[in-house]
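Structures are listed in the sections that come next.
Shared chain: chain A. Partners: chain B in the first complex, chain C in the second.
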Partner chain A sequence: MSWKLFNLLLEASLMTIFVSTVSILIGLVLAILLSAANLSGIRPLQWFAKFFISFFRGTPLLVQLLLLYNLLPVIGVQIPSLVTAIIGLSICTAAYQAENLRGGFEGVPTGLVESADMAGFTPVQTFFHIRVPIALRLTLPALINEAILILKASSLVSVVGLIELTRMAQNLVASTFMPLEIYASAGLIYLVINLVVATAGRQLERRLPGVGGK
Partner chain B sequence: MGFDFNVILSKQDALVSGIAMTVFVWVVGTLAAALIGFIVATARRYGGVIVDKALTVPIEVIRGTPFLVQLFLLYFGGPYIGLSLDALPAGLLALSIYGAAYFAEIFRAGYQSVPPGHVEAAECLGFTRIQIIRNILLPEMALLVIPPSVNMAIILLKETALLSLITVPEMTMTASAIGSQEYAFVEAMVLIALVYWVLVELAGVLGRFAEKKLSRYRLAKA
Partner chain C sequence: MSDNAISVQHLVKRFGETTVLDDISLEIPRGQVSCLIGPSGSGKSTLLRCMAFLEEATDGSIFIEGAPLGFVYDGAGKRQRQSATDLRKVRSQIGMVFQQFNLWPHMTALGNVSAALRRVRRMSKAEAEEKAMVQLRKVGLENRAGHYPSQLSGGQQQRVAIARSLALEPKIMLFDEPTSALDPELTGEVLNVMRGLASEGMTMVVVTHEIGFAATVGNQISFLDQGKLLFTDAPSKVFAKPRHPRLEQFLDTYLDRGASTLV
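Showing the complex of A and B:
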């Protein structure tokens, strides 16, 4: 396999990294909102969050993407496949991250929340200034793990027509008939990206201060 | 715009066979994955340092690459190294190997959770290695291993949807085909999403039931 082909794969992997990073971040924001809904004590909001998390964790991402990709034109929404891919991945990872965060929010020391209440924080202030930072710190390992899962899951957005690493590999295989070399190279690139993320995550984990002896 | 589920439901024979194929691939693939994973974990425990280190490489490679790429590599790349498989066996093999890497880690954690004193006691009593695995290690780690195993089974169920991309006639492929023919793709996808959802919830319920049944094996310190 020539360097030219490998370079094409490397370029396409930038799209994989871009889509995954944006989706993880949007997913994180959505997950925090879902957690807020869960902690709000308002029944319909809690039901919605529960339903959302259960549905998107209970169905294959491929089916979600196929559904989204075909549903949008039917309801009259015309958006580029890049946006469709990001929406699909963000919604899916939001459900998983919300489930991870649930454990984090349970680990927030009650004393801190009570102190904030005493200090006159509104529930919303307590949520964003006390609960969220601590829950995020507690669930950092799970977040890194989810980032790796999404990097791998982003290979599925090839079915909605976005040219990322896997789709580029498929295209190159179609024109060169070298599936072995090309898919192995694509796999290698995914592996390296994931190793970098995992190592960076461990470093971050070590540098950041812990929470209350945890 | 209107959604019409009747056109999809009228193709129930095809749908049912697709669902049956999904369940078949899922059950066989998960069992094979668990078995291979168990063998790998056991080999790592008893095979010495070299086997242990050598086996971490494939495990990390499989865990670090997308299942879709592995599937394509096996199905489209396999014939170039003399491994020509039909879609179904290729899908089953890929699913088993993928799952095995994760099950190997689950069982490794299980082995580590058993107090060494119990194994040493059994050795002193003259238990053979097989007897130790069957009568000491497996029962003691069962409770710890069940929740992540159920979780893995659920992940594998969702991964079976990818087999549609190498033309295994499971439910995602069947539903896509019907949906395209009948111009009711969205309805078809909603329907099978619900089927997956029910299967996932069912697996979760079964897992919690198994956990309850096995709780009599709980170690005193736990």
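Showing the complex of A and C:
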């Protein structure tokens, strides 16, 4: 296999990294909002969050992406496949991250919320300045795990017409008939990216103060 | 306004079938140290937590500097929850120190003390940190400002927690067994800070097992047993013989442990 082919795979992997990173971050923001809805004590918001989470956790990502891809033109929305991919991935990971965060929010000691109450924080301030930072720290390993899953799951977004690492590999195989070399190279690139993410995650865990409920 | 910082009137607290506080009435005088003592399960911590509205009383009223706390009565005399804004306003006069310190683990000592100054009092970061440093200095921890709670001893954490409350300039400080979670050799540094506060004339309500502290620093002592307030009096009267039989029994458990030479 030539360097030229490998370079094409590397370039496509940038798209994989970009789509995954943006989706994970948007997903995290959505997951925090879903958690806020869950903790708000407002029934309709809680129902919405529960429905959202069970729907997107209970259906395959591939089906969600195909549904989204075919639904958008029907309702008259025309957006680039990149945006479709990001929307699909973000929504799916938001549901999983919200479920991970739920455990973190439940692990925030009541006393820390009481001391925030006594300091005069409003519930919204307590949520963003006390609950969220502590819940994020408690669930960091699970969130890193989810980031790795999304990096791999991003191989599915080729169905909405986006050319990322897996799709590029398929295209190259079609024109070169070298499936073993090309798919092995693609797998290797995924592996390296995820090793970097896992290592960075462990470093972050070690450096953030107050991890592990201390 | 009366001379009392806190007025507790006919307070009742039930958890299901169990009555934890049974018709408690108590006045906390301004500028004095009031200690709540009694066996575990007597309701003294619950009473203190009611004074901060961290527990909702089933019946009765509490007034902080003359203002109702937690519940108000409407025109028809019906008891209703106070609005969140009003509750925050009344609570802003109270500082609370917890048995488990309850410092926020993701903030440094300085961050813990300055957080509410920034978020609630809307000070700039520089101004808030300057005020926070004054409080840390007061509890002798200015050289630990950049440490996280997990890097501090229990005694130091509790002193940071006291500084955090003091930074908001409360009129009343509530202490819920502030030394119970500490190793014996660390209780002294916390009690010293509290003695300093008392000598400045801070109104303090202290739930404590430190009978020596209650006897020497306290201006009034209330003895609770099984949810009832048996009596409130000056330490000289409370500890003078003959004593209330239930108190005598309670103090005996301290003598058994050799924990106090005072009683």
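FYI, the second predicted complex is superposed on the first by the 210 of 214 C-alpha atoms of A that agree within 3 Å, B and C clash if a C-alpha of one lies under 4 Å from a C-alpha of the other, contacts with A are read in each partner's own complex, and residues count from 1 in each chain.
Keep in mind that, in the parts below, a residue touches a chain if its C-beta (ideal position, glycine included) is under 8 Å from a C-beta of that chain, and two chains touch if they have at least 3 such contacts.
Treat the numbers as computed from the prediction; the structure is a model and nothing was measured.
Novice: Mind checking chain B and chain C on superposed chain A, clash or fit?
Specialist: Because the two structures are overlaid on the shared chain, the partners are seen to fit without clashing.
Novice: Put chain A at the vertex: what angle do the Cα centres of chain B and chain C make there, to the nearest 10 degrees?
Specialist: Result: 110 degrees at the vertex chain A.
Novice: In the overlaid three-chain picture, which partner chain does A:183 touch, first (chain B) or second (chain C), both, or neither?
Specialist: The first partner, chain B, only.
Novice: According to the stated criteria, A:71 is in contact with first (chain B), second (chain C), both, or neither; which is it?
Specialist: first
Novice: For A:129, decide between first (touching chain B), second (touching chain C), both and neither.
Specialist: A:129: touches chain C, not chain B.
Novice: With both complexes superposed on chain A, which partner does A:111 reach: first (chain B), second (chain C), both or neither?
Specialist: In the superposed model, A:111 contacts chain C only, not chain B.
Novice: Residues of chain A touched by chain B versus by chain C: which partner has the larger set?
Specialist: Tallying touched residues of chain A, the top partner is B.
Novice: With the superposition applied, I'd like the minimum CA-CA separation between chain B and chain C in Å.
Specialist: 27
Novice: Please report the chain A residues shared by its interface with chain B and its interface with chain C.
Specialist: none
Novice: Okay, in this complex, where on chain C does chain A touch?
Specialist: Contact set of chain C toward chain A: 52, 54, 84, 88, 91-92, 94-96, 98, 100, 102-106, 108, 115-116, 119-120, 148-150, 161, 164-165, 168.
Novice: Going by the contact rule at the top, pick out the chain A residues touching chain C in the complex.
Specialist: It comes out as residues 109, 111-112, 114-123, 125, 129-130, 133-134, 137, 208-210, 213-214.
Novice: Inside the complex, what are the residues of chain A that reach chain B?
Specialist: Listed in rising order, the residues of chain A that touch chain B are 54-55, 57-64, 66-67, 70-71, 74-76, 148, 152-156, 158-159, 166, 169-170, 173, 179-180, 183-184, 186-187, 190-191, 194-195.
Novice: Can you check the complex and tell me which residues of chain B touch chain A?
Specialist: Residue list for chain B touching chain A: 1, 60-61, 64-70, 72-73, 76-77, 80-81, 158-162, 164-165, 172, 176, 179, 185-186, 189-190, 192-193, 196-197, 200-201.
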